Amino acid sequence: MTELDNALLETLLDQVRPLTAQGKVADYIPALAEVPAHALGIAIATPDGQIWQAGDAQTRFSIQSISKVLSLSVALTRYSDDELWQRVGKEPSGQPFNSLVQLELEHGKPRNPFINAGALVVCDMLETRLTAPRQRMLEIVRQLSGQSDIQYDRHVARSEYEYSARNAAIAWLMKSFGNFHNDVSEVLQTYFHYCALSMNCIELARSFVYLANQGKTADGVPIISPRQARQINALMITSGMYDGAGEFAWRVGMPAKSGVGGGIIAIIPNKMSIAVWSPGLDRIGNSLAGTAVLELLSERLGSSVF
Amino acid sequence: MTELDNALLETLLDQVRPLTAQGKVADYIPALAEVPAHALGIAIATPDGQIWQAGDAQTRFSIQSISKVLSLSVALTRYSDDELWQRVGKEPSGQPFNSLVQLELEHGKPRNPFINAGALVVCDMLETRLTAPRQRMLEIVRQLSGQSDIQYDRHVARSEYEYSARNAAIAWLMKSFGNFHNDVSEVLQTYFHYCALSMNCIELARSFVYLANQGKTADGVPIISPRQARQINALMITSGMYDGAGEFAWRVGMPAKSGVGGGIIAIIPNKMSIAVWSPGLDRIGNSLAGTAVLELLSERLGSSVF
Amino acid sequence: MTELDNALLETLLDQVRPLTAQGKVADYIPALAEVPAHALGIAIATPDGQIWQAGDAQTRFSIQSISKVLSLSVALTRYSDDELWQRVGKEPSGQPFNSLVQLELEHGKPRNPFINAGALVVCDMLETRLTAPRQRMLEIVRQLSGQSDIQYDRHVARSEYEYSARNAAIAWLMKSFGNFHNDVSEVLQTYFHYCALSMNCIELARSFVYLANQGKTADGVPIISPRQARQINALMITSGMYDGAGEFAWRVGMPAKSGVGGGIIAIIPNKMSIAVWSPGLDRIGNSLAGTAVLELLSERLGSSVF
Amino acid sequence: MTELDNALLETLLDQVRPLTAQGKVADYIPALAEVPAHALGIAIATPDGQIWQAGDAQTRFSIQSISKVLSLSVALTRYSDDELWQRVGKEPSGQPFNSLVQLELEHGKPRNPFINAGALVVCDMLETRLTAPRQRMLEIVRQLSGQSDIQYDRHVARSEYEYSARNAAIAWLMKSFGNFHNDVSEVLQTYFHYCALSMNCIELARSFVYLANQGKTADGVPIISPRQARQINALMITSGMYDGAGEFAWRVGMPAKSGVGGGIIAIIPNKMSIAVWSPGLDRIGNSLAGTAVLELLSERLGSSVF
């Protein structure tokens, strides 16, 4: 197993850089389409506080669906297992992330918290039990990352809201089955703000180290229980990479969650959290170069969980 | 982390034994319905050749879909990655194991090798490149387990064939898309024989230790490459437990494959392979008590991959 | 062929009256559940102005989906065929009336104007080209029926709106595909008002005589062209009775449109329009006794189009 | 309403002849692809024995799915309504003619007798109650058409059988649900023979006049009851033209059944049966020029049932 250092990370980025020209930047909202297509960055954080980085690791981007892991983590602290898992499942969907087909056939209970429907249910649950869900998430992320200036990108949040028809359809469909309790428009606003969190790779790696550290931050602050950390990692490996989770586990072998902003957060349990960023996506919606660099890293470190 | 010994395994079996009364024994074919509902066994094998066991670990049963891991392993030795994965995918299906809906929508390419459609494609590929696929599999299993008297249960195989309409439909549908090359009836016969392999927990644990040993048997014989072993483990964790893979990963956190005969094979990478058996199934089709004992074991050993 | 008179209609009602105890009154909104379950009425209107009636033919009820024929008729006068039929199809759906599955698979284009999705697209189109779509529809219905006091039942309309989650999901899904142009909430309000038109059998029969009279009212006022009248009749026979159109054509053999309020309007081309009402529904959502009386009438008059 | 004569039919054929260049000849089996693409014919038969014809009305072709009406008619004489309709439905499918999706979701009961699944169930039923189902159908067709030399095109039948994977999948899927009783291969052979009946427009028009004559041939021989004739016409209008029944009813307004050989049989109840033939198909699978000539004829004769 290779030793980690910034030079190794630079080498890996160089290997995958040609792929940045091949992916397709998300353009379903104008605000995302403006991102620099060739950006490429990586950062790694360990439970004992070390950080490695390379490339555009200090440029902030829209974390998008990576935020689904954060909202689930918060929900786990406010709801019992019984309450939470009767409203959202734990199984891979075998469907595109925003499909309504399965949701209707399964009576409004989303397959897992990492597809849009599931994340919307989680946000609906937070809306019920948090007094100011957007402000609260900001506080949490600032605490996790140690960066007090993290913000929502309001330009992105507004743009998402303007193109929110599909997510509104999902929310209303769940409401028709009694699985959505708050005002649709209000919850969508919260959901889009979470998606519009603007963070860089270093901040992301640092924020998610609790999943590689038995549920605690590098400073030892407990966020969730050790068991819950294992459970989130399990959900990420089966459902974290949209309809490409199987391929990703096969190639990389780490629990991970991607976002259409081009970010991926990956976990080596008990060892480290890794954030990569490259906006060009494969046809499933996962960062093309980001996945490739994680695959190389997995080989070099022998860090597959398998 | 607790030390392993037979007494610990006995204790765990005692804890889950009440569950054996709650599951439902598979009865879609008469031959399977005859099995003793309260049977309960476990065996563990390590790369260095150790064996622990408890309960009905020496009673043979029908391994059913556990054989899908064996046929995939053999296929990996006879086909290149390109050849194999263009005919079967690597993603969870989000559907019952024998559904045709997704198969039609995705033009006859099964989602993964562990649902029936995928295993049938793999058997079709073996039919093409093995001269006597049933005899060959027997030889392989006898070699892996070190038991030269392992046999197909011809009563079960015949019974399966008599109730094979759904699998025939799946095979013909794939043929209509050009993804099935040999005689349907011939391949079904092979497939049902593989399912009808009769093995006990000790034999199973020993046979699958190559997945916990970089692809090699405890005697050091290479079966597949280290990378292929990791890849199969990845496929098992995302797709090995029918439409309950997410829940299983969340509760147990090990790559595993189940069969409707009530067996489960689970892998702790680089450490051990575990075989459990209890015929009562949950509504998804996985052994109820078997899953529970793996969950307890995972907790006691701290052996989740996450 | 029997001669029509009120006594014959009374006889037919008597024959089917026992069925009124067997159907299930729609209760998805409280306002509809309040209706008298055993009501039973029929009225027939001819192009030359004759009216026959029996039973509760003068009690108003909520016409519900029967209004979908009216909104389509109005849309045909405001849009060219090309404009209209590129946004909604002409095929039976083979699905429940409020399903989103097919709508997603077919990219937001509803199968026909008589399922909810299709009717919502038609209302969206009317919203674009009518200045006051609710007031305009009232004027049209008053003109067609010759009753100037026809009103929306605001209690029902409000109740529908409060339980509108499924229809909102449908509208938003179409919006996500670009097939819905106006404000969802506004169009839903219009749609629910149309459904909440309160009319009796006589008023209904009189209103729809244009479909039995080459597109003209009994007074000779052209509403739509003769060809358009034939086309609407064709759409009704293939798609007018929810997912029971085939059975209805087989039993009754008339173009017809039903509503969950228990009303059905049926057409004998060039001869008469028939309105029946009985609130008890079969499992598809069509009036149980209403269908039966139309079947008897069809036999007595030899009036199947086949 | 125009008077019928051969000259009128010639004129109509001339009008639609350019369309023969636009359709796509069925090529899923080699035997069908060999047909002359520009063939165009029409024949009309009346209950009183008159025949009109134009174009290639005397060239035989493969009647394909038109035979589904014949097999249903025979089944109606051998089974009670209860027996028949518990095994096949009466509703349009809203799906391609050979889809398995709906069939699985609806537990192996086909939507109607005119999609492949439904026709296969009907053939399975005939296999049970007819002693020599292929010979018997030949006798019936020779009687109906008055042509004792009508034959199966064995070249086509064999070709169908060689490409029968999709239909085999459908049959096996129904068998898995208990809705298919005889040997799959045997029934497929019968089914393909029926599809391979070789007839010309005159023979077809004459054969189907019973549907325009209260169930009797022009010679007064009762084939089915008057009610059954009406019911078959109803099924044809809702489900006879694959997934284009709605459009066909809207344009032409006649009960009809098409085949991928390019034939269509259409009925004007109590007046005439019309057979058209042109091998070029639209994207749904219906004859392009054939549909167009029926539309023109409907306008000229005012013969829409609506």
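Think of it as A, B, C and D in the order they're written, each chain with its own count starting at 1.
Please note the rule applied: contacts are C-beta pairs under 8 Å (C-beta built on N, C-alpha and C of every residue); 3 or more make two chains touch, one makes a residue touch a chain.
On a predicted model such as this, the values are computed, not experimentally measured, just so you know.
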I want to compare two interfaces, B-D and A-B. Which one has more contacting C-beta pairs? A-B
Could you grab the centroid distance between chain A and chain D? Build each centroid from C-alpha atoms only and quote it in angstrom. 55
List the centre-to-centre spacing of chain A and chain B in whole Å, with centres computed as mean CA coordinates. 32
Distance between the centres, which are taken as Cα means, of chain D and chain B, whole angstrom: 48
Each of the following residues of chain C touches two or more other chains, namely none
Determine the shape of the graph in which chains are vertices and touching pairs are edges (line, ring, star, complete, other). ring
Can you give me every chain pair that touches, using the contact definition above? A-B, A-C, B-D, C-D
Residues of chain B defined as touching chain A within the complex: 89-95, 102, 111-112, 229-231, 233-235, 237-239, 243-247, 249-250, 253, 255, 269, 304-306
Can you name the residues of chain A that touch chain C in the complex? 99-101, 104-105, 165-166, 168-173, 175-176, 180, 184
